[in-house]
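Chain lettering (A, B and C) follows the sequence in which the chains are written, and residue indices restart at 1 in each chain.
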Amino acid sequence: MDLLLQVLVNGILQGGLYAIMALGLALVWGVLNIVNLAHGAFIMLGAYISWYSFSWLGLDPFIGLPLTAVLMFGVGYAIQRGILNLVARAPMFNTLLITFGLEVVLTYLAQLVFSADFRTINPSYSGRNIDVLGVTIPVVRLAASGLAILLTLVMWRFLLHTRLGRAIRATAQNLPAARLHGVEPRHLYAVTFGLGLALAGAAGGLYGTVSQINPYIGATLTAKSFAISIIGGLDTPLGVIAGGLVLGLIEALTTLYVGPTFADVASFGVLVLVLIVRPSGLLGRTA
Amino acid sequence: MRPLRIPLILIVLIALALLPLYGSDTIVQFGISTLLLAVLAQGWNIIGGYAGYPSFGNSAFYGLGAYGVGIAMVQWQLPFAVGLALGVILAVVFAICLGIPVLRLKGHYFAIATLALAQVMAAIVSNVELAGQNIGLVLPPLNDDALFYELSLVLLVAATLTVWWLTRSRFGFGLIAIRENEEGAVVMGVDTTRYKVLAFALAGVFSALAGGIHAYWITFLDPESAFDITLNVKMIIMAVFGGPGTILGPIVGSFILSAISEFLSSEVTSIAGLFFGVVIVVAVVLMPRGLADVARRFHRTGWRYFIENIRMHRL
Amino acid sequence: MSPILEARGLTRRFAGLVAVHDVSFSLSPGEILGFIGPNGAGKTTLISLLSGTLAPTEGEVWFEGRRIDRLAAFRRARLGIGRTFQIMQPFPGLSVLDNVAVGALFGRGRGQSKLALARESARECLEFVGLGKHVDHRAEDLGGPDRKRLELAKALAMQPRVLLCDEVMAGLNLVEIDEVIDIIRKVRDTGISVIVIEHVIKAIRTLSDRIMVLHHGEKIADGAPDSVLTDSRVVEAYLGKKRS
């Protein structure tokens, strides 16, 4: 029983992290209709930025998160304005292909620049745990998950209640009307994509504190982010919380009852199942 | 096809067929890899180019073909041909069972679903005892590169003839109708589900055969290499660069990109992946309909062709 | 004479909205039946229920004595139900000829299996609707009125027994409307029964043998054109209640 409880808590903690991982993808997808196959590679990039900030500048990964986020925002703005913009009005397949290509480029560049070693971000408190009801919770994991959920909720408020957030949604829903209101779509699209990558970068920074980083984690993280976004539904940013929790719990339970190698299989199985039964996700509107 | 083309194609075909006689060992080996990649691109062309359903997971079929050969030859001591047949059967069953639910999804959802499927194949197979689990299987060696080369060439010809048949058959027209306007195709009487699954299975058959030949050639397979997901990158970019929805496009795309990649690899190691990524990005922006379209329109519009593509599609 | 197409108590609900409610009617062989009604009355939804694009929440559809509301759309097409779309949907990458050839290849029965013969049929259909000159043009190059004719040709190539036309005259000028009226009459003369949804009341009155009126998803009138068009409920539906 204790083991089950521990596994469930692990799953929930992982779920929080998953939520922030998928949030950037869901934002860009739901708002701009950009399916970013390179999302995981950007998470990886954010993780490396945090790692280098920690190793070279001694910056605590949680405190240094804004730095990572700002840098990634810049990267995102540049990529959207300079590259993705060029295929914005082409069939969706073109965007799929371009982001596919970006993923490949990023992975190889990372391999060249950062080498293939595994790394983790290990602040001084990374070994500490707290014990609640017989369940061991690593402090770092708790902080990461908590911060992740917080960021997700902040994002939700931002999109729904601030002027910029509403401008973004308006542009996504009705481009000509937004133009008539003086919105410069290219700038706004770039800001949105920048936000998406900032979130990915933040997720990467958090990810680096609890898991190992290497140049190749991009593909798996992309697939998982998709799974989470689709399971949770794209209609509300809160969907990723639901999706993240579902995925985290399924992986934890599968690892416990079936075996660790099946964790990925189980989560993708759920993804395919959700796609077949209810493509709009658990929290989405009916199709 | 214009009449001038056919003799030209025949000449190239004969030259290719005779390559093992005058080419060095390295060239023949390069030839085998390229021909198999071209087969994968052609297979992708059927489901992605003609039917309009871009599959990011045909590597799954490739791996199934490899394991079909591996299991048949190593575990059951059956001949290579039977192994190939087993691989094809596995691919078709996979295409039907997973195709029916997954092909109901719209374009990008389908792409994501196939991407996810491709990623789990290695994990699933590494738990199957019959497939040698994580260790893989070692096949009986056959040191005859020329044979593998000719086999690959025959397979490519078969795949290309199939695509050619598509362009003049009711089935092919149905696929194109599905690609151009699926709703419209349905009300005109096209059984879209059946046709999509058939196209998927057809792509799967060719991919599996390529995987089977490759496995026997390198004499070894394990989950990671058999279900190599980088193949998806290559086959898609080759088909798209050459011209999706055309008969020769994928072949031209594979030959050119393989040659350049090979050249770059000899100069700077591990640059090949980077190269493909950059090519995809540049090609999608400047020539999204591939070389075939460039060839068709260039003499009319010249360099403006590329600029036009950007102007048409950018925000 | 037994009806060729019959709707019995057709109802279609979308989450919270009833688009079509308990609509019954029958179409006789060789008849031209007009559907009219204010915008949002449910006309296109009703057509989609007949062609199989949508499934009914309640009710039945009968075709040539067979119940078909459970059949997939493509099967109904193969049985002989053809339809045009309000928002024209050609196959953009194909030529005008090949667009129509698809209809010949997949239409009633199992269609033509030979491409050459299908193209022959397609040519004839294009001549029939007056697009003979555009045979080799790209479908996407056609202008609005020509696209409407292309839609008709595509549906005709299927050799349907029933043709469902959804606003084929929208956006056409008076001359073009007359031409379309002629084409539909010719279609009926070849033995095809036609349902025509239109907003152009004058055209519907000249063309239809009978008119049915939908309002808020319900049938409010069904009969000879002159009596239907002067029915007070119909006038009210279009113009609102008269001040007494």
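Please note the rule applied: contacts are C-beta pairs under 8 Å (C-beta built on N, C-alpha and C of every residue); 3 or more make two chains touch, one makes a residue touch a chain.
A quick map from chain label to UniProt name: A, B = Branched-chain amino acid ABC transporter permease; C = ABC transporter ATP-binding protein.
Bear in mind that the values here come from a model prediction, so they are computed numbers and not experimental data.
Student: Using CA atoms only, can you tell me which chain is the most central one in this structure?
Tutor: So the chain sitting closest to the middle is B.
Student: Taking each chain's centre as the mean of its Cα atoms, which chain lies farthest from chain A?
Tutor: With centres defined by C-alpha atoms, farthest from chain A sits C.
Student: Compute the distance, rounded to whole Å, between the mean C-alpha positions of chain A and chain B.
Tutor: Roughly 31 Å, centre to centre.
Student: How big is the gap, in whole Å, between where the Cα atoms of chain A centre and where those of chain C centre?
Tutor: 48
Student: Distance-wise, how many Å sit between the C-alpha centres of chain B and chain C, to the nearest whole number?
Tutor: 42
Student: Mark out which residues of chain B touch at least two other chains, giving numbers and ranges.
Tutor: Where chain B is concerned, no single residue meets two or more other chains.
Student: Flag every residue of chain A that touches chain B in the complex, lowest number first.
Tutor: My answer: residues 35, 37, 83, 85-90, 92-94, 96-98, 100-109, 111-112, 185-186, 189, 219-220, 223, 226-227, 230, 259, 261-262, 264-265, 268-269, 271-272, 275-276, 279.
Student: Which positions of chain B touch chain C when the two form their complex?
Tutor: The touching residues are 168-170, 173-174, 176-177, 179-181, 183-192, 245.
Student: Would you tell me which residues of chain B are touching chain A in their complex?
Tutor: 54, 56, 98, 101-102, 104-109, 111-113, 115-117, 119-120, 123-124, 126-127, 229, 233, 236-237, 240, 270-271, 273-274, 276-281, 284-285, 288, 310, 312-315
Student: Quick one: in the complex, what on chain C touches chain B?
Tutor: Listed in rising order, the residues of chain C that touch chain B are 51-53, 72-74, 77-78, 82-83, 85, 89-94, 98, 101-103, 105-108, 111-113, 115, 118, 154-155, 158.
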